[in-house]
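Next, two complexes with subunit A in common: one pairs it with subunit B, the other with subunit C.
Coming up: the complex of A and B.
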């Protein structure tokens, strides 16, 4: 039984990361992250040149931690990558159940294993593909920027240059062990991107339109992002994943409870719907 | 005759597919109006009377966009989510029907009409009509909101709201009446042109990636203040009638005509040799 599941999972993961949509989307996301790296490395060199001419060189004001894509919020690459993150995560494999259900592939798999195994492996593969398509460009960007910009520990003296506010998620780590802070944010991005991808899997049970299945999570997250406007001047914690998945604060401080709460809600909804409706659904 | 029958078919089926989206658009516009109403109340809460917002003020707030962004470490780029959500939702609404028709009934219809161009132009007219309908829904919803909240239905722009709530930057001392035409027509023209462009791109990239391309165009337009990026003309606060060095309306018209011509000409040429069987 276990062997069947592990084989099914291996097949699903292989399908998820060895398809043309994964490659194309990874290419697009990496291009955005490279745009950011190119812009920020150039920006760093320009600043270094300016400070070499005259005055305080402000060595601690510029470091890897405010030049990689998760630490800067000023380049076009950052704008495209983080705004489109919920869409990029879904594109590689979020549509797969809908297609497999339509062309009858599900039936051939379910009669060789069972529905529970099929949907669990589908959920995990979708999660991993969505997570990887976001994680890889972030890592590429971080390594590329690290090749040109020194990894100086951020200083509170230049708080305008390092917008990680007091009380913000892992803020103490940012000013002491910034590399661990970045690693934790990479994991957070992987998890949320995976959850966005599985949203489309859950939506596949309700909609019969491939485009809607893929774009609905993006519009839901954008609507959540817009809903912040009604909290203006009332609440100062970040509720939008588009903003809090960025390692430094874009507008408001990232709150650990809100992020955990939203993450759990997304997980319970996506996993619950996929496993409950999937197992209940008459496939044969 | 065949063309008009095909167009009637597209209207019937295309609008049936898109009815729910029209309702979602109503919800979005109501939220945008409440947003403006609420911001007005918060900003002028210390005034004796909260100033009324006219019909055109509400429309202005919906299509305003953001002022030019100058990249700096001290100021983050904030996405104009209201403006973006509205335009992307309209682009999404026109994305599905032509593609679905081509991959289902479209083949039989292509054979019966004996002309690919007839099919293509019918879809283009449906696309423009759907965007016009969406736009009509926006206008009607704002109108109804103003009636319900007893806000004046007029075309007088309140300059105070532009400076305090929309914050365009280097604003003119007085706002010309021409700005009303910009608010009413330019976002619509750019929407029509980018929707046609998206429909043409679907032939090359497939629907989802063409949506990504169009989204990148909208986002890049918000980020870069440039006459070569069409989305800038759909941001009313970047117009020459609002700010000193704003974008010219005539250049906007050229951009509209250029995009529409490119989409129609390239789309029809490409579709003549397009492998429709591959879409089955």
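Coming up: the complex of A and C.
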């Protein structure tokens, strides 16, 4: 039984990662991250030139941790990557159940295993594909920027250059062990990108249009993103995943409870809907 | 396929290492898109060419009395001198609040600079915007002097702030209130102010003392400071 599941999971992951949508989306997301790297490396050189002219060189003000895509909020690459993050996460494999249901592939799999195994492996593969398509460009960007910009530990003296506010998620790590901070943020991005991807899987049970299945999670997240404007100047914690998935604060401080709460809510909804409705659904 | 990937990778590395600035390109695109909202800056200052005949408009010089744009204060310029040693004006190192590093122990000023001192009479006509605890009006001495090229620079005006002010009074417990002094309405006071300015520029360009810039640089009035 376990063997069937692990084989099914391996097949699903292989399908999720070795399809042209995954490759194309990864290519686009990596391009965004490369443009951000290119801009910020140029920016670093420009700043180094300026500080070499006269006065305080402000060596600690520029480091890898405010030049990689998770630490900067000024390039076009950053804007495109984080704004389209929910869409990028969905594109590789979020639509797969809808297609497989339509062309009858689900029936052939369920006959050889069972519905619970099929939907669990589908959920995990979608989650992994969504997570990887975001994680890989972030890692590429981080490594590329690290090749040009020194990894100086951020200093609170330059708080304008390092916008990680007091009380913000893992802020103490940022100013002491920034590499661990970045690693934790990469994991956080992987998890949330995975959850965004599984949203489209859950939505597949309600909608019968591939474009709608792909776009709905994006619009839901964008609704959440813009709803934060109702809380402007009233509530100073970040509620938008698009903002809090960026390692340094874009607007408000990232709150651990809000992130955990939203993450759990997304997981319960997506996993609950997929497993409950999937197992209940008449396939054969 | 592998060849294409290698070429693409090589191109990216070459682009990143090259001098061509993607930042400049992206910034220029952004500026073009934002162009509608941006208004190009123009320096609103211009130094009058002709000397004043009515003490209201034009260029002022020694002996002239000028009222500020808001009609609150009046400045009369008496004397201008350029010194190479602070002892010539009976000044001490502690009298200066800026550029002290230019003064040597024997009072000599760095050979590239001179101390330009001007004697003024300042009268409080109606200035009462700021007051100290005993209700005496607080005034701010006009502290700006500049060369023509600096004042009329397209991105300017640029000017130098005073390093010495004889009438300085620390009011409001403000440790940096270098330019403040107390003066009742209707009263006047004789003061001396000074700047450390580059010798070379003093030889080549006319120097101007600007007052009334608190109302906006476009309302500045200019005293020419002749150095013989």
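Structure notes:
Convention: the second predicted complex is superposed on the first by the 284 of 284 C-alpha atoms of A that agree within 3 Å, B and C clash if a C-alpha of one lies under 4 Å from a C-alpha of the other, contacts with A are read in each partner's own complex, and residues count from 1 in each chain.
Please note the rule applied: a contact is a pair of C-beta atoms (placed from the backbone, for glycine too) under 8 Å apart; a residue touches a chain by one contact, two chains touch by 3 or more.
Everything quoted here is computed from the prediction, not taken from an experiment.
Of the two partner chains placed around the shared chain by superposition, neither subunit B nor subunit C is touched by A:268. By the touch criterion defined above, A:38 reaches subunit C but does not reach subunit B. Of the two partner chains, neither subunit B nor subunit C is touched by A:50.
When the two structures are aligned on the shared chain, A:156 is found in touch with neither subunit B nor subunit C. When the two complexes are overlaid on their common chain A, residue A:76 makes contact with subunit B and with subunit C alike.
In the superposition on chain A, the chain among subunit B and subunit C reaching more residues of subunit A is B. Judged by the touch definition given at the top, the superposed model places A:99 against neither subunit B nor subunit C.
In the superposition on chain A, A:214 makes contact with subunit B only, not with subunit C. The contact surfaces that subunit B and subunit C form on subunit A in the two complexes overlap at residues 75-76. Considering their complex, residues 12, 15-16, 21-24, 26, 30 of subunit C touch subunit A.
Those residues of subunit B that touch subunit A in the shared complex are 31, 34-35, 38-39, 42, 71-79, 81-82, 84-85, 88-89, 92, 95-96, 99-100, 207-209, 211-212, 215-216, 219-220, 222-224.
Of all residues in subunit A, only 34-35, 37-39, 41-43, 46, 75-76, 144, 148 touch subunit C in the complex they form. Listing the residues of subunit A that touch subunit B in their complex gives 24, 28, 66, 72-76, 78-80, 83-84, 87, 91, 160-161, 163, 209, 211-212, 214-215, 219, 222-223, 225-226, 229-230, 232-233, 242, 250-251.
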